[in-house]
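One structure is given here, and the rest of the page talks about it.
So that you can tell them apart, the chains are marked A, B, C and D in the order they are listed, and the count of residues begins at 1 in each.
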């Protein structure tokens, strides 16, 4: 499916169909597609580059242009790739005709799209999404966003010469809604003990349609198939790790450059993720939100507000706690990303809170999502081994030690 | 009961201890070179010599440390985090916090009353603030690592060392020397800077008495004082503290022996 | 008119005597050994002796290098980036790109046809990118400094070092030894890794044509080859390149002396 | 104590103030402090400011609170401090912990790859230095500042904390109403702390006070731009930073005196390179680094330090003051890393350099400050196209050795001056 998507992009380029660049968090796929645009998500291109071990070249190219060591790896991958011409192992990435910046949860989005606009010269629309600090969206926020959406629609009409078709948008949203409900059904399977799904490593692959192909029949069919498969797994007792020993809630962006290696570390310990926050960067559908064709623009606004990184820390903390409880997890794994402050700044505090205020064993690991130079396998493995060892050990309480051999006290 | 050996192959040194019923029969310490497998074997051999035991009398060998996967002749591998916790708790049963500073990394380990790891944190990818940092700086000042701790205690006006990087610290040290600073004052500054970095690591897991200091750097008295001063509490240090990982490993092996799981 | 440039480096103090801003009379060097000013004094004495100079012969003394402020008897001090650029341009007229790899740091410099600095970038974050790293490798791999380059050149499949940290790189190298990577491959890997770091500095300032290598590592053929292989373009390295900064300082001193005796404006 | 010295000095420093003597909206500062002798000159005022800045226990806020008032702390870069002022709160700008603060706790909560100001601000909070403040406001200038608010809300559950969402859409007609609503949320929280409602008149008065202060600072900046040898970068910075810690009514007489005194100064003009400093809009470089820049041969003729105090020009006073304040933000032409701007960066930087008649641009960015790092690339392109020389340096709060920076600045200066 991913392959087909990149093929489609290449075709769009050939056929000179317009291309819009968008960010995953709080994206406006439905509206943009209803105007006939193909959509490129540079974040997804970046993670695909990383999985294929192609990100470092792009990053070095961006660093040569002056992007510092500490700039988000996605940004560097994208801008490096753009300046190298846009060829990836999975196809050519067309240049944008329109840049849509949904500012939902990461300030880097603003800077990144600004840079794209300036270097590629495409028109830029900043969709300002207020940071979510309350459980329910505020009226003023939604009004502000709906007003911006109308501005956006007018811009699209001007760009494409087409007029906006509300009925079509509603139909698209209806398909989105169906896919979203199926996706939540999939995620909920993690509540089973043992879990038939891998809610992090596997879900990261499965989140592609919910982010990229939302609003298409293809996405709906995809999740139908997936859920069918989950049913079969449950029936046959075919689980992602044969012997589930540790149930984890995972927070943070994965180290895509070493995705397999990282995953294997978990499997070795019989650890399976039963819930994770990262697959919800596109939206927290599992909290009960789905697009609503009856309130098209309002529900798009609410969707954008609800992207995971757009949640304030108090909301994020509570969500993770809820996952631990609802999915009967034993521990939390936090994966910090060196070059992503949006997700990462404050994860140490989260760790502290989980351990000391909720009593949940929590492991904090750090590397990078795009930059292989920051993935230190020996260190990561060491920490992981120690963590799972101690979990195991605490489960089978060992007898305390004998008398001291020797010792002095210094003051 | 038969004896159990623990071998801790670290980044700088390989340590081995042989225990029987909680009694230390023999130990060894030798530098790690380029051939880790051989160094591990050598560590065991030396410890056997020290214990006057025959290889056949050791029923269980546990490996730990960065090189643990290279110890092909062992029955079990455990991370040094669990081992330091185990060892520290064995020697100082009221230990709740272990700080291990070795050649290449620093670990803060919180342990529960049973000596199990409750939480831990390690320094980031950087070699700053580790034993290597002290080795390099000692070299730059022309001292042996064993000398710098006591010397640092004689400082009167400790200088401030800001460089967190091991390599740049070296040049900072040289520049202090060229400005005529007393080496003792520079050393005190270096120790203070490591103590501070360690404190921030300890903070991550939560500071709770008693604190036990392990790893090679705990042999450095200046470091012990600096850390204890920064923590404002006494710290446990054992003459065996560099062997703590190996002791923990041997104890883990002894558990298995008792449990009859040894093959 | 004779002018002198003194480059008080962190590893080596280098001196150059220049006549009329045109001809190199002589050069000399001494290890810094933590005391730049006394090493500098010695270099100066060495030069005076070699050229039979008497007090008063020296029209102008300009210092450069990290110890440039530590030498009291100077008339002017300039940064070693400025002086290296000037010196390189003198040694290799027309060169536009200078790469300076010294003991503690590497710098990529883009210069004008007259040797003026247009843009530069130096490694800041990590110490793994300079000559001191080679010295350390020589120490723990127990290969004498003199032999490092020659041994490296016989490499078949150089083994690159991925660690960005000079200290952790050591561990990595030790691991490579343990895994029985042939010594020449490890050594060449060290040079290539240095070259790669230098390359990213060069890309920042922008390079299009031949590079002139200066600093202590010009002596190392392996380094020259590694830079060439990494940047895929000509590398010009001559052993005087080690004195580029000292030469540049002497040249700038000469310019300054002319200006002082002439009618031109005065800085300061 | 130092605050009062400056305060006491107010009367003598005033030059032809148009209105009546500005009244400091105090719960009043305890009267025994008032006996402290007045400062005599600008140098003295600068010295006192330096002491105030270096005292990480926030003496002015403590004095204010001891006098029965409440103080509110604001993270950089821009926050509507007029609102706090109008409510009788003491607005204080957080500027990190300076070079002497040891960070031991904050690393653990925040993470390793972050700017100093975020860590030191948290460290101050953890170690109790921020106890006098009843409110903390963090604007959405970047992800770090935003997330910091979340940590503060856990750390200081009894204080008011607010993450202020500053809009990034400057073209929509709905941006102003949104910002008014957003300010409204802040107003509500600050009212809770102040124990009183915000009156429109009070806010309008505060707008006026802040307008005057901005005008004074603009005059000083203009003076420095035309005769940089008369006013050092460090001096102007101190004058601005005084306003981080004391009410504008206390700061303004000092500014007025400075303006008068600086004009009269007789100082030799050096052969230095005119530069603008771009990048230090949030975390502030140390005093030593700023003086190093001038020592190494530059004149700073424009900078982004203390942006808060000069963000916008004149905010209209008539009409709805909250709306005026919101509108002024939306319309502000400021090009800075922490807000989207319509003008391409490459164009704006060249315009800024030309306007300041600068010979070069010094990018001085806080280590790990992503907004600044990302802008530099676009700025560089513009400067390259126009052959304007520049240099990029990164700084941290904590570094005692500036050798690397000195080397680079000197090279830069030499490359502009020598041929």
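A few comments on the model shown:
Operating definition for what follows: contacts are C-beta pairs under 8 Å (C-beta built on N, C-alpha and C of every residue); 3 or more make two chains touch, one makes a residue touch a chain.
Bear in mind the structure is a predicted one, so any value in this text is a computation, not a measurement.
Relative to the C-alpha centre of chain D, the farthest chain centre belongs to B. More inter-chain C-beta contacts link the pair A-D than the other of B-C and A-D. Chain D has its Cα centroid 42 Å from the Cα centroid of chain C.
With centres set at the average Cα position, the gap from chain A to chain D is 36 Å.
For chain D, the set of residues that touch two or more other chains comprises 107-108, 112, 394, 403.
Annotation for chain A: residues touching 2 or more other chains are 66, 348, 352, 366.
In the complex of the two chains, the chain C residues touching chain B come out as 10, 34-36, 70, 104, 126-128, 132, 165-168, 171, 174, 177-178. For chain C in complex with chain D, the residues that touch the partner chain are 66, 78-82, 114, 116-118, 120, 122, 124, 252, 255, 265-268.
The part of chain A that touches chain C in the complex is made up of residues 60, 63-64, 66, 69, 373.
Residues of chain D that touch chain B in their complex: 102-105, 107-108, 112, 398-401, 403. Per the touch definition, chain B reaches chain A in the complex via residues 21-24, 66, 78-82, 86, 89-93, 105, 112-122, 124-125, 204, 206, 221, 224-225, 228, 234-240, 247, 251, 255.
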